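Before I ask anything, let me first share the structure, which is written out below as structure tokens.
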């Protein structure tokens, strides 16, 4: 446990470099010692800057004796390939969400991991590590205010360009709610629905924005999540848990309130990295600690699979404008 | 205009007496001079207490030369009868909501009033007079934050007994949202839906509580209203208007915040009379002022009719668990 | 009690006309039937506009058979004269603060009123009627959070011009705190002090702004009141009552919170008439009701006298930059 | 820079062990490898638990080749001795506040450190690392709302026992404000005053509680700090900076707001370790980083000296109930 964990990062894009910086300058017990990237010139420059070894080939990095554990931060299309390679190498791997580009891929990873007989995969659903959600989780778990009955949530961004398509409010943004609310309530979803309110003029032609996703859980809790990607005011996350004896709200970030210009004004975050900076730190620190202790306890392959199945059902619901039943296998004991 | 308006109250139950007290001790320009009630002994005692004349028969009161204008606060079943009698007598009449017990009755009143050629009826949708909703109305009307796209609302009571049945969240509680949100957005509804989240243990056997009503407007604004009648914490009304450039919230009532017992604590109202006391005052004062000026400008028979049609569609949606299209006649010029 | 109270207003400046409008269009039971003003042309135009009789001479108005009660809203210099005339005429009189321009004048009024043997005078300290201060008063009176130990208050205006001189933060602005805090705590002051923080660039040359007034009560409660007259952001009143078991805050006015431009924004009032509009309504309605019932129960001549004595001590403290002991006669039984 | 900093802790009381835990399980780049304590049995058990070497003698630890840098967390009386020994050994030393038990001691340390020619000492004024104060600092530094003119602060604890004497509100509690406000405003104090409001029944016989300390800065900013040590409701820190164009408030900690029992309720911290947990983490991490880079940049010996001089003046002001001028030497270039 005392030896520093030697980490290899596959994919040196923005999020990959952020994780690298975080691990090498703020967190304890691990060090990024190797990187790889399909863009070799760029990958090499990152390696040089941070004093890491550069591997031309991601799988070579994964299999290297110099690397104890892997972080996969490539574009989505390559997640399955490198996660699978890590499992085959018997190494712990942290993969940014989604676990795979298609739900079938998440299932293949689950099967591969189970065949290997050891849990090795962690998916980067960082909201579970946010101090605010943790407060909610504790209150829900202890049933401080009785049974949860309904959740009202919102996921708002300032705005997006045309590269953000109509599938992404579900697949890319609300996928975070899909994971964190299931974790919060500790149960799976039964149905999904996605409806279209009036469209904002700030959304590009091919994007229906806002969208509202409605999920029900197996026990009957009803969840509505507003995705408002061109909210035109900031990055804002809301989660209101309505219980039998009280309504609990996700805390607002702690910002200085100012009385000025005939108003009381409290800043709202402008982007997600600012909003969840602490969650990212805690997530990776806990991963390093767990891996060094020879286990993983964060969001698993199974969570990645359930997220993919649910998002896929929600997407189908959106495209068909119907309510879609969510069907998946029983959770194997391996993941319980 | 200088003469005091002589008002007759038909129905001396709780709300009738509250209006009487309000008019005779707080408001200006009117005086309740006559009352009637089916419970004659009780009606007489009220008349005596407040120095009014007692009429054994409501229609006699309505037609009396001593009465200039009528307030109808009987049980719902008699609303249509006394409102119609007032119209026939050519007198201004203020009727507590609903305008009639059945939607057909509201249509008959509309027809009778139009036949008479003069607008005489006001329906007691008092939320339009609440200072908070007025702030929202101004911001929406002026499009300060652009087009409204979605509304998230909640209507919560502390709790109810078995006399409150499963139709009442729509017909009795959210009827207020049906009226005030249509006024706020200045457009009519297109569809209604009512869904059931998980039921609270505090609801009696025959009441599904909470319920969520979803309305869409003709232009596509999507509204969700949570009715949580056994919220077990207080009387609480929320209205969040999501516009293209800002999210506007109905203000919380101004209560003293106290730091005590390791918490910041701000009281929430315990019942509706406390929450909307100012709205009731403004509503009746404006009615008295308008009537003395020979006009009415509050919620009309037509508003009562539209409310009834919408609530009826929502009830059908609830019972069938489908989305119901709301169909009604065009608004006649008479009411524009 | 049923007859409308016929009111005469001496002084038809801004506040006088506001009171007139209020009484004749919003409040119940009284009517302004007569006005007088030293500027006769202007006074006549006001009389004409509101259908009142114009009196060339204030004392003639006061003594007229057509007038039951008087409101004095002249400039401060004439308050004593018209209040005294009203007392001599045996009529109820409502005088805007201050009761007299000099503390000696307030004492003469007290003596004159006592000599007449009947309480006739009410001083316009309207904050006692503000719903927020009333909440505080109730919590203090009932000792809900134990004994009050300290108060932290602020009185902020957007800005003033050169007509507002260095004596006015105490004499004109914090005079409201002098009255309302004494009423809130139900005890008199022992000492006064006024200190100068760093001066804002927005204050004109001869005005030291902000100023902080420190009062102690006879039982030892310590009060600090910040007067920040060129706060450059709005009209804002704070009052924090620190008790043995909890800290109570004067509620903020109920305004709609908006999420926009990367901030949560709640409006603050821009001037005092907006902030205390309800307090003015309640104050005058209660005065009319009381006078019709043959009594007065608002701020008395004695309260006007104590306010003047305290403000005078605070002014002396400010000019000498020392702590000044506040000395006054015992409150006569007449005023208890 | 890559080598782990080997840290020795002198004094294994509560705060010493907390720092040890923090460094060895949460922070990066340092490790506590040695401890010492006058209570040898207890010190040894701590050493054993955390796998550190135990030194019977603090100075032996300080001079050991196995230790790169020192943390002093003994009782106040020994601070000077171990900080001085560290300076003599030429090693970086982090000392919990106060730097020395008496102001003379802080001056001796300043002189010793200057004689050595290298800045080695950091004092544990952790509030400078609190994210909230950092927000305030940025807004003040950039004069976002103009010049600061006044500060209203509060420092409230739930309660204390008889071991907390009448000097401690200044010397032990508000010493934090003395440091952090001077850092916030970037200037020194001119005068100190301490006044006594009415005493709470929850304070023991020999403790005057609450106390209010008033500081003025050389440029004329006026600061009031309420110390309310038996507030009987929680641990609560307030700081309101009144500037020429806006009033800035220290953010409240981010806690979940709950609507329950007819109130909106947000928890307040119960003690300081909970409130400033993040500040402690950042403080020690920044210290480790700086020391490894061969410098120190946190609160210096000079800051410890100024804090001691100011607290001493405030204590004198409290005991004499007068305003005391604060006199100290010019800040040497060495510390600029």
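We just call them A, B, C and D in the order they show up, numbering each chain from 1.
Note that contacts are C-beta pairs under 8 Å (C-beta built on N, C-alpha and C of every residue); 3 or more make two chains touch, one makes a residue touch a chain.
Here's who's who by UniProt: A, B, C, D = Inositol 2-dehydrogenase/D-chiro-inositol 3-dehydrogenase.
The structure presented is a predicted model; accordingly, all values stated were derived computationally and were not measured.
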| item | value |
| --- | --- |
| Equivalent interface positions on chain C and chain D, same or different at half | same |
| Identity of the chain that, by mean CA position, is farthest from chain D | B |
| Whole-Å gap separating chain A and chain C, where each centre is the average of the chain's CA atoms | 59 |
| Gap in Å, rounded to a whole number, between the CA centres of chain D and chain C | 45 |
| Whole-Å gap separating chain B and chain C, where each centre is the average of the chain's CA atoms | 38 |
| Shared-contact residues (touching 2 or more other chains) in chain A | 233, 245-247, 252, 259-261 |
| Complex contacts: residues of chain B adjacent to chain D | 158, 233-234, 236, 252, 259-270 |
| Chain D-touching residues of chain C, taken from the complex the two chains share | 146-150, 152, 195-202, 210, 212, 219-222, 224, 226, 228, 231-233, 242, 244-247 |
| Of chain D, residues touching chain A in the complex | 25-29, 131-132, 135-136, 139, 145, 245-261, 285 |
